[in-house]
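Chain lettering (A, B, C and D) follows the sequence in which the chains are written, and residue indices restart at 1 in each chain.
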Amino acid sequence: MQMPGGKATSAPIMGRDEEPTIFELSSPGRNAASFRTTDLPEWTAEELVPAEHLQAEPTPVCEVSERDLVAHFTRLTHRQYSVDLGAYPLGSCTMKYNPKLCDDAASLPGLTDVHPAAPPSLTQGWMELLADLASILCRVTGMHAATLQPPAGASGELTGLLLMRAWHADQGRQRTKVIIPDSAHGTNPASVTLGGYETVTVPSDSRGCVDVAALRERLDTDVAGIMLTNPNTLGLFEEDIAEIAAAVHDVGGLLYYDGANLNAILGVTRPGDMGFDIVHMNLHKTFAVPHGGGGPGAGPVAVSERLTPYLPGPIPVLGDDGSYRWDTPPKSIGRVHSWHGNALALARAYSYILANGGDGLRKVAEAAVLNANWLRHRLRGVYDIPYDRPNMHEFVASTTSLKKADGLKAIDVAKRLLEEGFHAPTVYFPLIVEEALMIEPTETESPQTLAALGDALEAIARSPEGAQAAPRTTPVGRVDEARAARQLIPTWDARP
Amino acid sequence: MGHFVPHTDAEVADMLGFMGLSSVDELFSAIPEALRLAGGLEVAPGLSEPDVMAEMGRLARDNRACGPDLVCFAGAGAYDHEVPAVTRRLTFRSEFVTAYTPYQPEVAQGVLQALFEYQTLITRLAGVEIANASLYDGATACVEAVNLAVASSGREKVWVSQGVHPTWREVIRTFAAGTGHDIVEIPLVDGRTAWPADGEPGAVLVQQPNFLGCLEDLEAAKRTGALLLVAADPVSAGLLKSPGSQGADVVVGEGQPFGTPLSLGGPYLGLFACRQEHVRRLPGRLVGETRDVEDRRAYVTTLRTREQDIRREKASSNVCTNQTLIAVCCAIQLSWLGTAGLRDMALRCARGTRYTREALLAIDGVEPLTEAPVLREFAVRTPCRGDVVVERMADEGFLAGVALDDDYGGGLLVAVTERRTRAEIDAYVAAFEKVVN
Amino acid sequence: MQMPGGKATSAPIMGRDEEPTIFELSSPGRNAASFRTTDLPEWTAEELVPAEHLQAEPTPVCEVSERDLVAHFTRLTHRQYSVDLGAYPLGSCTMKYNPKLCDDAASLPGLTDVHPAAPPSLTQGWMELLADLASILCRVTGMHAATLQPPAGASGELTGLLLMRAWHADQGRQRTKVIIPDSAHGTNPASVTLGGYETVTVPSDSRGCVDVAALRERLDTDVAGIMLTNPNTLGLFEEDIAEIAAAVHDVGGLLYYDGANLNAILGVTRPGDMGFDIVHMNLHKTFAVPHGGGGPGAGPVAVSERLTPYLPGPIPVLGDDGSYRWDTPPKSIGRVHSWHGNALALARAYSYILANGGDGLRKVAEAAVLNANWLRHRLRGVYDIPYDRPNMHEFVASTTSLKKADGLKAIDVAKRLLEEGFHAPTVYFPLIVEEALMIEPTETESPQTLAALGDALEAIARSPEGAQAAPRTTPVGRVDEARAARQLIPTWDARP
Amino acid sequence: MGHFVPHTDAEVADMLGFMGLSSVDELFSAIPEALRLAGGLEVAPGLSEPDVMAEMGRLARDNRACGPDLVCFAGAGAYDHEVPAVTRRLTFRSEFVTAYTPYQPEVAQGVLQALFEYQTLITRLAGVEIANASLYDGATACVEAVNLAVASSGREKVWVSQGVHPTWREVIRTFAAGTGHDIVEIPLVDGRTAWPADGEPGAVLVQQPNFLGCLEDLEAAKRTGALLLVAADPVSAGLLKSPGSQGADVVVGEGQPFGTPLSLGGPYLGLFACRQEHVRRLPGRLVGETRDVEDRRAYVTTLRTREQDIRREKASSNVCTNQTLIAVCCAIQLSWLGTAGLRDMALRCARGTRYTREALLAIDGVEPLTEAPVLREFAVRTPCRGDVVVERMADEGFLAGVALDDDYGGGLLVAVTERRTRAEIDAYVAAFEKVVN
């Protein structure tokens, strides 16, 4: 078979062809790697590895030149949308612009080239950074202490639930249930299960908030706690939060705050002040850690004083001698990460916080909420707005009426929007809204971009014909997801 | 200054006007007065970009980073390997860095194809058919392996070799508190796991090479009859038989050695691969090849019904955000290495390791912790405690290794990568001899 | 007028719209810049600048956020083809792959943050690098000494002609003419004029080489010298070069070597051995300095011993004390650059040479010539090959027959090739071949890529219909060049 | 190893076979035996990537770079200004870095539009209608200005102020040897050019602020009646009236201050702008706006008939490759600065300059070279020679400035950018006082 070679028709600037895989670009004997000259004895594999362990054949990887390697992955980047190309109003994901200075900060050799097992005498700078970040995050959330180990939000959730579990056990209680709203993100119930609890769902009321009466019915001494995000996934602030907190605390339960939506309230209000006992933050949302196409993130967990003794260790603490040491809390649930969490992501967030400062962080929340409310107003009468009242950083629209009228589904709007030069909103989430379009503009989009987004969304609604065929301008057209699951091809080697 | 909100005051006023509002505070009317934060955050005011960089630079200088002034012989799951310009510059292309999880495949073929290639490469190293699109790190990959194994075996009991990295075992225990899995640790006897003859575990977890650098006998582990979970060093895949070829059901590992700097331990990369039969219990994302409406090859995340956003409390795992960028980095680095390069790299590590080990053992008072064969890392007993050696060697310009806890009998774990030259090693050994006596 | 805002339809991954200018993305009062805190007295402009010099209004620049700035320029990069995306067989330009390690080498702070006026005691590393590079370039070209100051090839040409002039003057001669072949690059005659000489053109013979008889006719004592590139712009080696050199030298003339095509002969033969007196090199071609969309380059000039005293200064020389100092040759023509030339480009080339080594450089030439010859063979019978004999690093094809048959012009092939995923070859140059396609694959393209390029070129020739409408898959279609000249719009402010 | 040719031996054999050849050497049959290089190049064998970087690192360490350990107060056309992450990261996007001159506009709109925006920005700073797409550097931009002026004025004589950077004047003389232009240097009288009352130059060239940092009287230069060529500092454009508004016909300058590191003096950026009437004599490339076949806005290089590839010996200049990437960098940096930022930057430079000048002049033995008003740079007489001051100050951790030649009466030229803090300046002044006495 003739190998495809390095033509660039897969780069949208030239064409709409497939990009060959790195394996198709391989040619036997070609290579790119080179290593330092070491002057060491050149013992053979046979001399170094016991026969019973030595592989018969080298592990097949691929065989490409540096030139083809660079061209391949550069072309792939041209087939990838990103925040740096334009707006990304993906609800719940807070796809704000990530300042470039944070990239510089996180690539300082003094941070990147530090071994995680190096003794504190060699890592004081890192330990100060981590300790200060933890303390700032506590001040931002109104909590007492924090662990920076969880590498993502879901990991933070599970960490929080294990803290809940350890605390109850310590109180000599056996609790079995955790309550979550029907609007909750999927990681919440999944984490509840892994935390060894049973999920009890509480419905939302007509205002899109937790139905407090229904909640009370579910509250009993089997309840370990409740997981909420506030503003919730509809972008609405849970106005009864104080009442909810009291009710949960009354039965001896704890309140867990899913911080994915923290961007909305920075400097305005704090989970701690609302009565939450445990808070996780998504630094890859609120604090501008770029999402990397799916990660890495960082999901620190902050807790109130009574839960502090249970935090994972080690934690950097400042000794009287003015130097930092690693300390593990007395009743720690244990580590939740191999080392100290996604440290470079934490450094990025730290530099972002330094740049914004307390004043800047509040401006972030203000502009995020301003943008989201403006866009909701803009889309009135164009899309259904099931909960049409002041929202926070995001809001949920719906194509229910448009679907009835013209068969325009949320997914069609999403695909059409790609043609209009914007990433799609989050669709079909939260589950309690049908044909949901969950829109989060974030604070870094200008009013002009917002206006253009509004115009694009209106244009789509006004002329829905052909939407099912969208997108037509992207490197590939609508992708057959069913086929992928039906005839699974998870690797190049698995192709029929 | 220092913040990234583009709105001018005039624009804010316009937007408020459009909504019939007169002040930004009104936007927060839904928040009860009592909950409003009075006085603002107790966080210092924003800094300009150069001021931020000055402060970050100060913190960076307060560390002693590995390099010519602190030559690295430390490993224990975090290795000082070569990262070529190509890998850094491609990985940090902003399209990879600033994209979200590929929810809209039509504009995410870049990340999706890179992950498809990553999955292919990982299965080739692991010797099993399926690999996911990454997990957080080596430790949490072990946790997911244990969860998968218990679910498919239907047995709560899992044997975990004490040859598995101590912090990884700690993480396994932490999460077992939630799942209730019965984790039993199996001790090492001269450097290798001594599996009990009886007891019916649902799975056994062994590390290859193990924490002390010793080569484990995977057949022996397989003979327990349980599902075999192997935490494998991916660099060793350049020389060793693949875990899959030796019966592994799940292969996990730490992907840091392929293009990721030491970074105080993160972000790293959780490798996860398994046999086809376990695919419906696979944690995390899986990318599959499919077609678009015009029958062009395309990629998409698939078998999503395993995942939390659809399966919710019944999901195979709660993982959502993973370590995609590090997986892309790993794919680029592995492609740069290639078939010959991966083997060459492993060989170079093994040569440096043998050379260093022989030289250290020639120092009197320095004893092997075990005689079991090692590959790229080894443990020694030292006259003074390992942590003392590390402190003293730091003054000599070396990160001597990782001090071993007393339950390993103290001493030092030493790793030698392809970056270490004979001159560096000779200087290291000379300094070592000086400080231990 | 509504401002366009940051939609991404100008990124080919999403659409084919225009990208707004940075000025259209501006909004009064917006800004991105921030500066170090200095704690200096805040004197006002009025206090600092005499009234007669102070501007009344701030100079209008633009007013954008960092976010819009990043999105704008990132979208522009998606509208730009480059070597990193694919093959670039642009004849005479040697668009080879530029190794990434050279990017790293040229961004070491120890090189980038050195002030050009710093005394030698602070710049020994740079001076050693420059001295060693100059000496290597002399060994590669077979010359005696070199200046690294010329920032590009044309500058090197003019420098060379001024050296010629100074040398003749010193010999007490008044020479008026410089001979160049009709196949020469445009910078050659342009430089001749600026050098104060009159251009005399010598025709090429039927073999595509200098017509030696015609040359002899033109040789007299008014001739200061001749400028040649060997291999010439047809990619053919001037086999009579020894005879030519003797003839020119006989009348007291000098030979100038235009090194744009040096890639073809690295390690195989040397201009000095051919009899050339002056050689310029295009490091941005032969030595993998990336072309930057049009520059910067580097055009060092190496000369034979007799011309050494005339070189521009200062030049780094190693003193007996083992340290480098700046020296200016006794009869120097003077500086040709503000400082020491495009230093970072020189550092890139140096790192490229270190990586290749003498052995690697010869491999470069071998593969470059191999690729070009293979492709010429591949295209036989598809395109006219006016000079169908062994070529060096490039060759010239023509659509003359195809034009007669199907009206397929060279420009149409160029535009069609863009649709096929390759950059176009150089067209309509050299001027002596009609409908010329000047093709230089370079050594970094794999045989597979070469095969794909051959297939694409054949496909275009076999089905030429619609070629006039090409390109149809690019961000913009064929551009109206005549209109640009007719209604000149050189700036945003000049728009009607 | 270490080279970048992808061909495997098998592939080379195939390709030779296709051509009926049996060895690579046959490819060079056209080269006479006598000319073949026997024994290969006398250049050391290739090195691996890490070995190359080790060697480059050694050379880099053999320099003393500006930074915390050598705080920069040197200028003279090369300034230590802030370069934000944005500018570096956008400029070095590989599409900008690895593209050729935009000969195929359909796939070069990125570079073309960036240059169109660059041209617009430069005309705004210069105050004239036309700017080209860049020249090599400040010196060669002056040469092109002189060539254009002589061509349009038809007069060979050009007056060049001695306030123009000395090396720039040297470059002008170097190239005048070819063009035969009659370059007459006009001396400074207390810091400013003293234009002769009579003599009929085709053009006058003056630098603003001049080499000594002093503000020149452009009206006075204009009164010579000749074409006015101004070499203007682009940073000063944040505060000063534009040269165009004061009658300049051609405005040139050095664009390094906008995003380009010191780099031992290159690659820098030659700024070139002129009045509309001179556009047909404009040297170098010019990008213009036009339309594509579907009437979309598009950009293309235009008025190409001026250029060497078409006009050949009658071209307005011989420039081909220019400094496009640095021009793109300049456009990005200026856009980052913006209207307010450019003024702020200039203001900050002026403040630091005044503060430093007053402090230095308070040291006894340190005298002003001239009383003429300065903006961002100034010259002082020092008790000991300027070059001695520079050497001694280097030991104190400062690049004190640029030593002045004796024809300026020795002394030191000191530049203070927006990056210099009060603390740095105070320390500088203290050290200065110490070393000069």
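The working rule: a contact is a pair of C-beta atoms (placed from the backbone, for glycine too) under 8 Å apart; a residue touches a chain by one contact, two chains touch by 3 or more.
Since the model is a prediction, treat every value here as computed from it, not as a measurement.
More inter-chain C-beta contacts link the pair C-D than the other of C-D and A-D. Repeating the B-C interface, with the same residue numbers in over half of the contact pairs, is the pair A-D out of A-B, C-D or A-D. Distance between chain A and chain D, defined via averaged C-alpha coordinates, is recorded as 45 Å. Separating the CA-averaged centres of chain A and chain B is a span of 19 Å.
Chain D has residues 2, 4, 6, 11, 47-50, 82, 84-86, 89, 93-94, 107, 419 in contact with two or more other chains.
Residue positions 13-14, 16-17, 27, 30, 35-37, 65-68, 70, 74, 78-81, 84-85, 97, 99-101, 103-104, 418, 444-447, 474-475 of chain A each touch two or more of the other chains.
Against chain A, the residues of chain D that register as touching in their complex are 1-2, 4, 6, 8-11, 47-51, 54, 84-86, 89, 94, 107.
Residue ranges on chain A touching chain D, taken from their complex, read 13-14, 27-30, 34-37, 65-68, 70, 74, 99-101, 103-104. Taken in their complex, chain C has these residues touching chain A: 2-17, 25, 27, 30, 65-68, 70-71, 74-75, 78-81, 84-87, 97, 99-100, 418-422, 444-453, 456, 473-475. Contacts from chain B toward chain D in the complex involve residues 49-50, 82, 84-85, 89, 93-94, 419.
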